[in-house]
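See structure below.
All chains are identified by letter, namely A, B, C and D, in their written order; residue positions are counted from 1 within each chain.
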């Protein structure tokens, strides 16, 4: 079955105001550049975005932030951009911070049909406020609920027309779980190949999780912290 | 760091009576043949075995069953062997049956530090007796607890001396999660290679989960249901 | 004339839509793969860890590391993928598998299903059946309408231990196609030559018959 | 003489054993990698999804798809592996990472740690710190003993929002090496030339001093 769409414009068909959307990536590594750029040009607004980070001022989700398209961010680490700080302090932007591992597991749970699970992270901290807690094996845990989204937008290294995806190095990060958790999952890839070209033993994201796929273009892959050996 | 042991005999050092042990494999596909054979010759007994199935009369876990080394089986599907039936009916062997997906997830949870989680499988059936239930999204779920083991024994296609593993086709099955859930995980592989030979993008089980690894020998890979096209 | 196994499978095959991901149970459900209409692309999931299951192998291509959930040797098709059991059931539990087709000993008019255990007989286990029925979006049961003694297997209440509650959506039996509705079994189609009265007689649970009931066309 | 950052890192490096899997936080902890003794093989985990982190790349080998949790470009060593964030935190939460080394604003004598949020200052988030401190078997904190105003950061109770409760096992500060015990901070070693009295004065929480306290040897 062929899930190919022509480009980011075709991929984002059906995005509506106030939807919940997941975006893969860690910092600027492995973010779906093409789809974010296209969404930043679209009229859609009031989005609840689930993403580990929120880009920088002029790249990644920072672009959608600048256009006031994001109503709420669900993340583990934010604020690498001045506009984010301004919108948060002015109350324009709602922010929900979650421990990174709990965030990752909540997304996996959403994709895996597990409505809730217990983790120790955050117990006894602000993160635990309003959450159920319970002792297991002599240690306190919090009940965390699954996260799903109307759309999940992920970026892979290679993909095939059936939606199978593989990631390069640390550009996997949140992409694999988010692909599982979207009602509609859009995958943009650097290289789109026909089915049969990817080794079935080494698929990171099986095609069943992906509804739309396209080959992106002009990847910038901006580096946040270029650090070199002396 | 080199985790290589010489053979199955060295790998099973530390096995004690009444331990809980996980064995990878689905039917006879992807079972750790060498380690099972070695354990069947060892004196260890009273084991609680967590494995999706329990081998056949003269192969796989059936060998340990014949030697009365297994006190309890935790599985989703059993009874492909006459001796299993006999021991179960005579009360020599305790059997706990779990839905296959819940079994898989309980093992992953054990490896991932998640003490408990909710699933819909088994609600309203015998499996739900004595388990907590709770409604999420209008649907009833059961609380399932994590499983861990003193030893996990898994079988992979290739592995390196740091314990990184890759599996072939459907021989992955329970092996990947069980590797995560053993206090000590023994991996036997068809081909053991030096570190650096496996592509780091395509490791199924990262070495952190494996404590001992060796190259197995004389793999029989018995087929339970040879079914051919006409 | 009651349908034979192949005809049941043939009728079920029509329920599958282009692009569906489908899990086929052991027995009649496995036969469904042989009757997928031309032009319809279906991806078969096997819960032991694969998507894109192909036909049985030849003696030359058989591989002990490549089996289905019934432990039969099989092959894979282009676009296939392999994964561990946790990921496989994440697909099932997460609602990513569109259609699950399985057999049953009994189905109740509320959609309960009993398919894994007969008290007094050897218990083998539920395998993945409880996970499948608890989560699949569309569950179709392939079954005989009555047992060998002629007693109905479509009941008000199941008598055998349950596999899942309120989950069956549609039944294709040797006598009829029925939907499980809030009011009971709604008769949709009759096997060729089988009368509504015969179906009524073979159905212990509430049978809803509205208007003309067409024959299944082959 | 109080230890400088490199000396703190050097002292912490001795806590790492051959074969350990280690997660290093941002700041001083990152420096620990430079002081792993010869003959000790350590595998560095980065919570954004890798095991086997190597040194920073050269301009020729830099790859935007290969970064650490501090978003710095890095390299990988033979035997490395890459995986998604859920698997990465499965390693951390499941207790597979042997040692976690991180910085802190404050630590209490009960082992509580505050390291992510200062009210009134911009909140960036906890990243993976809460997961790490809630689960690692051995948590070592690298920190300054006092703040710029000379006030103790080793307290009876943390004043800042917590990252985790009762989790810190050992502290290496610029002044001392201390264990968190049931009775309070147990002084193990002094920075060269720093007296027990100076450490006592810089420690608001309960300080346990038993017998002679040796100087850290470099």
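Some notes on this structure:
Throughout what follows, a contact is a pair of C-beta atoms (placed from the backbone, for glycine too) under 8 Å apart; a residue touches a chain by one contact, two chains touch by 3 or more.
If you're wondering where the values come from, they're calculated on a predicted model, not measured in any experiment.
Identification of common neighbours of chain B and chain D yields A. Chain A and chain D have Cα centroids separated by 29 Å.
If each chain is reduced to the centroid of its CA atoms, chain A and chain B end up 33 Å from each other.
Note: centroid distance chain C to chain D, computed from Cα atoms, is 55 Å.
Residue positions of chain A touching 2 or more other chains: 105, 108, 112-114, 119-120, 167-169, 200-201.
Contact with two or more other chains is made by residues 50, 76, 82-83, 86, 89, 92-93, 135 of chain D.
Under the touch rule stated earlier, the contacting chain pairs are A-B, A-C, A-D, B-C, B-D. Of all the residues in chain C, the ones that touch chain A in their complex are 18-19, 21, 41, 43, 45, 50-52, 76, 78-83, 86-87, 89-97, 135. Interface of chain B with chain C (complex): residues 26-30, 52, 75-80, 85, 97, 99-105, 107-108, 119-127, 157, 167-177, 204, 221-229.
Against chain C, in their complex, chain A makes its touches with residues 1, 108, 110-114, 160-162, 164, 180, 194-196, 200-201, 203, 206-209. Only residues 105, 109, 112-120, 136-137, 141, 145, 166-169, 200-202 of chain A touch chain B when the two sit together in their complex.
Across the complex, chain A is touched by residues 46-50, 55-59, 62-74, 76, 82-86, 88-89, 92-93, 112, 117, 122-131, 134-135, 161-166 of chain D.
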